[in-house]
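In this document, chain identifiers A, B, C and D correspond to the written order of the chains, with residue numbering beginning at 1 in each.
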């Protein structure tokens, strides 16, 4: 069976690639006048560490989103309008990531950081809902999936992403009392996804062989 | 018959993907000094709602444009120069969307909003004319289309997009007396297109089978 | 024979698509305070016409560059390092277009316009040299081209682009005494290319059949 | 054997294409008021030469990164999670290039230039480590590579990139006493890579035939 989703994947890859690269526009070089004072320039560069941290964290998060998107669409062979709009929602939210990233970079280290981290983690709650929605639509209607996919592989993918909502929700709540901890929790989940992505592949391949 | 339009579709997808993602650059974090006052930050975030609304509306509109473009090019197999320039016109207008979006975000809630909404809806009148032009060129010259396409499917696609011009023209006129209503009218049409896109697919597939 | 240049074309399409879309970032909404005065907003929008003109002209020019690039690479099947760097030079110059576009938008209607137009037309002299270089490299080494291409088709493509250098050079010289005329000359050549692109296609196809 | 890495290459090409094109956003037209004084405009354009130099150098460096990436992935046929994240690291660092480019453009010709050049060359040390990591992962696990690749070709690619770390490290150290020399050293290495990329191709093709 021919894959019908090639152009959706191409367009999505384009949006992910642009969203991940536009993040760097928030990294602005220090405005302070340091022409004749290299030490002052070093200090103002180092003072920008929240910007670098926010940029790296968001780059990593969009990259994980792309990896997850890639893995789901490896199993999706046909499309319908509902699937296209669930995918559009994911792209919309991926595009939005740069806004809370800028908030985080701007307010880290100030008392207003809780608001920034709450917006940041809140967006990832929505992103997880959208990914679960996409996989729900694709797996409810088996005709959309790769014909040889096993029931076990479908469930494994669903279970992997269902961790996302409670963890990001906890991070959202945690952001009000310990903003740094909320970000660590998010980064931890993304690292977990990075390491388990291999296992998902294996189980999908096993399903293919059997 | 081999599809000759692959590189045009790839380039168009690139432009749509960038145009839709660049919209986020208009979402700028509040400039107000709210370091020590989380409540003030929340207030200035909430005060940005016209920016969020304009961003969401324009994201949705370019996404619908991409879906429509996708559907038309599923039926277009060959290209000529006229088709390439009609497509170039669509890409030009898609790129322009960010300008009236910024106007809308900036002037919403002020007496100048009528001008912003008139420019916004006016651009969509032009976009509709360009889509009708593209389909007109493609369907006039049957050698450009997928060989198996039926006359009924061609007409259905044309009829679907012909709603666009009168509705957007009405929205343009409405913008001078009720700007909010003009935007609701546009969003309504786009939602209608989102829901009817499935039916077009079905009729095209039926034409394929018969 | 398999086409070896697919990934070069994909990367080039990406750069052209981004360069053409980034032009819109130079279209900035009027900064003047016109909240309560719709007529003042209309006036400041109309006063931006040089920006719209420069944006449209540059969009058209990059689109023509992409069409020409597309046509050349339809005949190029293999690649070597020289070809890759000639292509890299074209992409570099295409990326640069936004800079003189911003100059043109900023200085149109002032006595400094000659400098802006000279930089603008000067860049297109370089772009033409780069396109001639690419086609020179590709056609000198027949093993890089589509095996069935005829000697007549190769010469026709070369002749078509050789008009570019003298016309853009004339536009460059004209820019010092009649800047508007220099832009009209450029736009005229691009329109000519838009209309003759069909003929090139036909001759290439004829060569294919014989 | 089918190539499994097509979507990774597509996404990477997208990120490289955007990173290379976004560099131009750092080229800002002179802010000085030169409406009535063409000579003043010419002078302020010429005074921007560090910006043009930094832009050209970084464009060239990302282009060479893309060429190298292209060459490596021509030999990589399968992917695993480690490979995907090594590739993600390369994309992250490629995206970062615009930041030290802006630093270089801003501080060239001031006593603070050493800091800017040290950050710039330091980033390329990291980029080289990431490329060596990618090739190390790919070549350690022969099942990831093109089945027909010879041991000689694998070693040749590794050796070619191993020059990168000591040269960029030397450039980093040199930046503290002779910043201009550090940039010349980098540009020299990239030019060397541009010229040797053909030889790598040949040896890979020879390996293919034997």
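Everything below uses one rule, namely that a contact is a pair of C-beta atoms (placed from the backbone, for glycine too) under 8 Å apart; a residue touches a chain by one contact, two chains touch by 3 or more.
It should be emphasised that the depicted structure is a prediction, and the values quoted were computed from it without experimental measurement.
Visitor: If you fit chain A onto chain D using only Cα atoms, how far does it have to rotate, to the nearest 5°?
Guide: The two chains, chain A and chain D, differ by a rotation of 90 degrees.
Visitor: For the two copies chain D and chain C, is the contact made of the same residues on each side, with over half of the numbers shared, or of different residues?
Guide: Different residues, largely: of all residue numbers at this interface, under half are found in both copies.
Visitor: Considering only mean CA positions as chain centres, point out the chain farthest from chain D.
Guide: Of all the other chains, the one whose centre lies farthest from chain D is B.
Visitor: Centroid of chain A to centroid of chain B, CA atoms only: how many Å?
Guide: It comes to 26 Å between the two C-alpha centres.
Visitor: How far is the middle of chain A from the middle of chain C, if each middle is the mean of its Cα atoms, in Å?
Guide: So the centroids are 36 Å from each other.
Visitor: Multi-chain contacts only, two chains or more: what residues does chain C have there?
Guide: 10, 14, 17-18, 22, 25 - these are the residues of chain C that touch more than one other chain.
Visitor: Quick check on the complex: what are the chain A residues that touch chain D?
Guide: Interface residues on chain A, with respect to chain D: 9-10, 13-14, 16-18, 20-25, 27-29, 34-38, 40-42, 45, 56, 59-60, 63, 66-67, 70, 194-195, 197-198, 201.
Visitor: Can you tell me which positions in chain A touch chain B when the two form their complex?
Guide: By the definition above, chain A touches chain B via 7, 10-11, 14-15, 17-19, 22, 25, 80-81, 84-85, 88, 91-92, 95-96, 98-99, 102-103, 106-107, 110-112, 114-116, 119.
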